[in-house]
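A quick write-up on the structure given underneath.
Order as written gives the chain letters A, B, C and D; numbering starts at 1 within each chain.
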Amino acid sequence: MSHTAVASSAEVIATCISREIHDIDVVGLGLGTFIPAAGAMLAQKTHAPKVDFFMSSAGAYVHDLPMLTLTLSEWAAQGRVIDRPKLSEVFSQEVHATHVEFFRPAQLDAFGRFNTSLIGRLDAPNLRLPGAAGIPDVTATLSRLFYYLPRHDNRTLVENVDFVTGGPTDIGGRPPTSLHAGSRAFRLITDLGVFGFGDSGRMEVVSLHGDVTRDEVMQRTG
Amino acid sequence: MTDREKVTTLADAASLIPDSATIGIGGNSQSRKPMALIRELVRQGRTDLTIVTFLGGIDIELLLAGGCVKQVRAALVSLDLIGLAPIYASIDPAKCVTETEATLVYGMRASAAGLSFLPSLGILHTDIPKLRPDLRLVTSPYSGQEVIAMPAVRIDFALIHTSWATPLGTAGTDGAPVLDRLMSEAANQTIVTAEHILPNEVPLGDVLVRRSRTSAVVEAKYGAHPTGCFPDYRQDIAFLADYAACAKDRGADAALTLFADSPSYEETRIDVERILVHS
Amino acid sequence: MSHTAVASSAEVIATCISREIHDIDVVGLGLGTFIPAAGAMLAQKTHAPKVDFFMSSAGAYVHDLPMLTLTLSEWAAQGRVIDRPKLSEVFSQEVHATHVEFFRPAQLDAFGRFNTSLIGRLDAPNLRLPGAAGIPDVTATLSRLFYYLPRHDNRTLVENVDFVTGGPTDIGGRPPTSLHAGSRAFRLITDLGVFGFGDSGRMEVVSLHGDVTRDEVMQRTG
Amino acid sequence: MTDREKVTTLADAASLIPDSATIGIGGNSQSRKPMALIRELVRQGRTDLTIVTFLGGIDIELLLAGGCVKQVRAALVSLDLIGLAPIYASIDPAKCVTETEATLVYGMRASAAGLSFLPSLGILHTDIPKLRPDLRLVTSPYSGQEVIAMPAVRIDFALIHTSWATPLGTAGTDGAPVLDRLMSEAANQTIVTAEHILPNEVPLGDVLVRRSRTSAVVEAKYGAHPTGCFPDYRQDIAFLADYAACAKDRGADAALTLFADSPSYEETRIDVERILVHS
């Protein structure tokens, strides 16, 4: 192979995602989560061979993923199902289904709160999003909650979300959302870098990709 | 409950459902939507239905296009990879009740167990209760903690499409069970449509519907199209893209024609080669 | 076969039990329910070929029972499991697991209330029984609740049970126990006859076996 | 949570459990009681344990005989076909908390979901609440109906015996799951003992314990004896009859000797031919 490869931002993000995955983690994969699935498969093929996956659209735990797929999860899981919990167990928070999951929010704020519900004012929104699905419920039970954004921009990353669909709320004196100890926003991975929510709970730079500058981050963050 | 077998026609099964009923729809936005039965409800001109589903998509679109709907209760409604569900995105928000998986799961569990509510920590510190003024808090008599009392979700008819069912109404899948079993237990009655009617009572895979819940069983080949039905066929993404374009550009009535029988939906609308999965 | 058979009381009771089972019923079989299992198998082999069984000690629905067993339920179910619900579903009353079930109470009263908890006074019982297990929970969701007693006697059949472990309570102005419409004490089957709980809710004779007299029933009922 | 494998010895697994802990015991009175681990707890002289189990039997008897118990919470304790559990039948009733399946299921569900209670209609119109003065009522904010608030059942360690487990702690059965999965999810930690340790992560049958719940895995052949473990062996009724006679006639200390290692319980106490099931 003699061509010179330049990593796409999706590849960079998937690589960063893979680094966040520990060897015994169960990684939750929702509908249409192509980049996290790629990252998790990379982790399994490198430093985390014991990773399992919970494929929510197949309703099953598997150890092997034969392919990246957006629409054939049940076929991908066929013959590979380790365990099939009832979704009603998962979403009633009785089963702490996964350790880590990677969500792509419509809006994310400086405190790690996310919005997948509506843009604008509650009483007269500019845009109603398709719905929260199970994300508010699942995020409350994760060991480590991650976000990713293929494009870091100041319409998505805002000081305060228009609507709190979920995320940590142990800020401003309010009690934490987390149902189970340890559940909190952990990191955000974008095309510019990796960001954490340190002790203060406020977003901060962990590392920036390649030649990305802090100025660029500031410009593209709201 | 009689001991006769329950196999009937789509028309007779649909006619069990009166106007103003609350129907629960199984599957998820990609798969196992009981579309043949929904087409029949549209054909019969059913109105004022309340729809409860977990992840809605083309099922909700078709019922809205057909003028069948009073209210939609769902955790999400979209066409997945194709994007927003165009008709749903434009209806009066007052018709839509925001659910999450937790509100639906606790609500259906409460209903199945004969309770009016179940408490939950879900959505407690989010803004979702602002969209649900009907939600009340309840105080734990042990800890004094206030939690959300998820109200029972009452369902008259669960509509469940599966790969296989028996004539007595046991139905199952080897794929994703989603919330169908709970929905069937919570509903007063269940109507099953299935790709294949099997002999009664052979030992089988994951049961989604126990026969005692089932009022009617209908054989419906490609009955989930344009959603998929594992392992028989996959979601028909090209059809959904056509639908989205048509609904956006030419409106609901034009989009409805995509679902018409002319003469047979199965023969004229489905490109079987496109949706078969070759492994 | 030339010998003359006289039916044992267990056989008579099993036969009466079989007559109470409808063709599409799901019959619940608990731990150590030999006589009901025999009755249900008889029903299946005669008028009710479509009966299914829920074997609680195997945690499974089956259609075929290869044998009567008290301790090998899991082996009996092997290869025959139609469905395996979570017991937590069954006992939280979300799944109405069975239509009919046949219980043997330690005490039963004129109103169909049963006692499997303790004999004597609550604060100083003469005998503590092993426990209620799931019977109070299951009985509340049955379509038709049956009792059976291999020996009809006036220590077991009493005017009022010492302790209400479960059963219908829509008597004396109290609300019914039943969680789901239709759940109520239906019949009692003993070595003397079959008894119902008609409109009044009070036990009454439905039929008496062979040459059993009403006097005998009165003597052996408390 | 580390990524090392969790296989250890009975002695080390038992030593994870401190005096005064609350332990949950899986299986039912006939099968899959973690008896090898319980023998080890007795050997180590553990005291003041609170025991939570669904259907108790010889497990409770042995812990009582060994002086390990502060409180027993069970829906039933008996030796099944053999009759009453002799030691349990004679202890101070104040040590026993009356449960039913519903109180345990709702209590463990509440615990798993981080709630202090769940409401239930179960046992509402029975005398069982007279035995449970700790139970409180809660009023539905929707219907005004009063129902019982089943308090959360907190468990420090779930002790689950299964036919197979993996070194990372996934454990399962092809037999009756009983309430073990819920118990494992409700407990802070799970200790698994199993007849067979299989390679990690092969696709398997019904999972009772997910690996993330498991702190320790111990191989324990005949580790459920004298209860059974499907499909490996059945309940040892003759042993239980001997036990019951011994405990009744000669008391707890004498009964304890039936469980002693001399030198090995497995070799001296188990008549393998008696408990194998030939099909």
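In the analysis below, a contact is a pair of C-beta atoms (placed from the backbone, for glycine too) under 8 Å apart; a residue touches a chain by one contact, two chains touch by 3 or more.
Not measured: the values here are computed from a predicted model.
Novice: Tell me which of B-C and C-D has more C-beta pairs in contact.
Specialist: C-D
Novice: Identify which chain pair among C-D, B-C or A-D reproduces the interface of A-B, meaning that over half of its contact pairs, matched by residue number, are the same.
Specialist: Overlap exceeds half of the contact pairs only for C-D.
Novice: Please tell me the distance, in whole Å, between the geometric centres of chain A and chain D computed from their C-alpha atoms.
Specialist: Measuring from centre to centre gives 38 Å for this pair.
Novice: So how far apart, in whole Å, are chain C and chain D when each is placed at the average of its C-alpha atoms?
Specialist: Centre-to-centre distance between chain C and chain D: 27 Å.
Novice: Between chain B and chain D, what is the gap in Å from one C-alpha centre to the other?
Specialist: About 40 Å, centre to centre.
Novice: Give the residues of chain A that touch two or more other chains, as numbers and ranges in rising order.
Specialist: Only 86, 92-93, 179 qualify.
Novice: Multi-chain contacts only, two chains or more: what residues does chain D have there?
Specialist: 109, 113-114, 120-121, 182
Novice: How about chain C: which of its residues touch chain B in the complex?
Specialist: 22-24, 26, 50, 52, 61, 63, 79-83, 89, 92-96, 99, 179-180
Novice: Going by the contact rule set out above, which residues of chain D touch chain A in the complex?
Specialist: Residues in contact with chain A: 1-3, 109, 112-114, 168, 170, 182, 185-186, 200-201, 203-204, 207, 210-212.
Novice: Show which residues of chain C lie in contact with chain D when the two form their complex.
Specialist: 31-32, 57-60, 70-75, 77-78, 84, 86-88, 90-93, 117, 122, 125, 128, 130-138, 140, 163-166, 169, 174-177, 179
Novice: Looking at the complex, which residues from chain D come into contact with chain C?
Specialist: That would be residues 28-31, 55, 74-78, 80-81, 84-85, 89, 93, 98-102, 104-106, 108-109, 120-128, 130-131, 174-179, 181-182, 206, 228, 230-231, 234-235, 237, 277, 279 of chain D.
Novice: Going by the contact rule at the top, pick out the chain B residues touching chain D in the complex.
Specialist: 113-121, 136-138, 140-143, 145, 147, 149, 151-152
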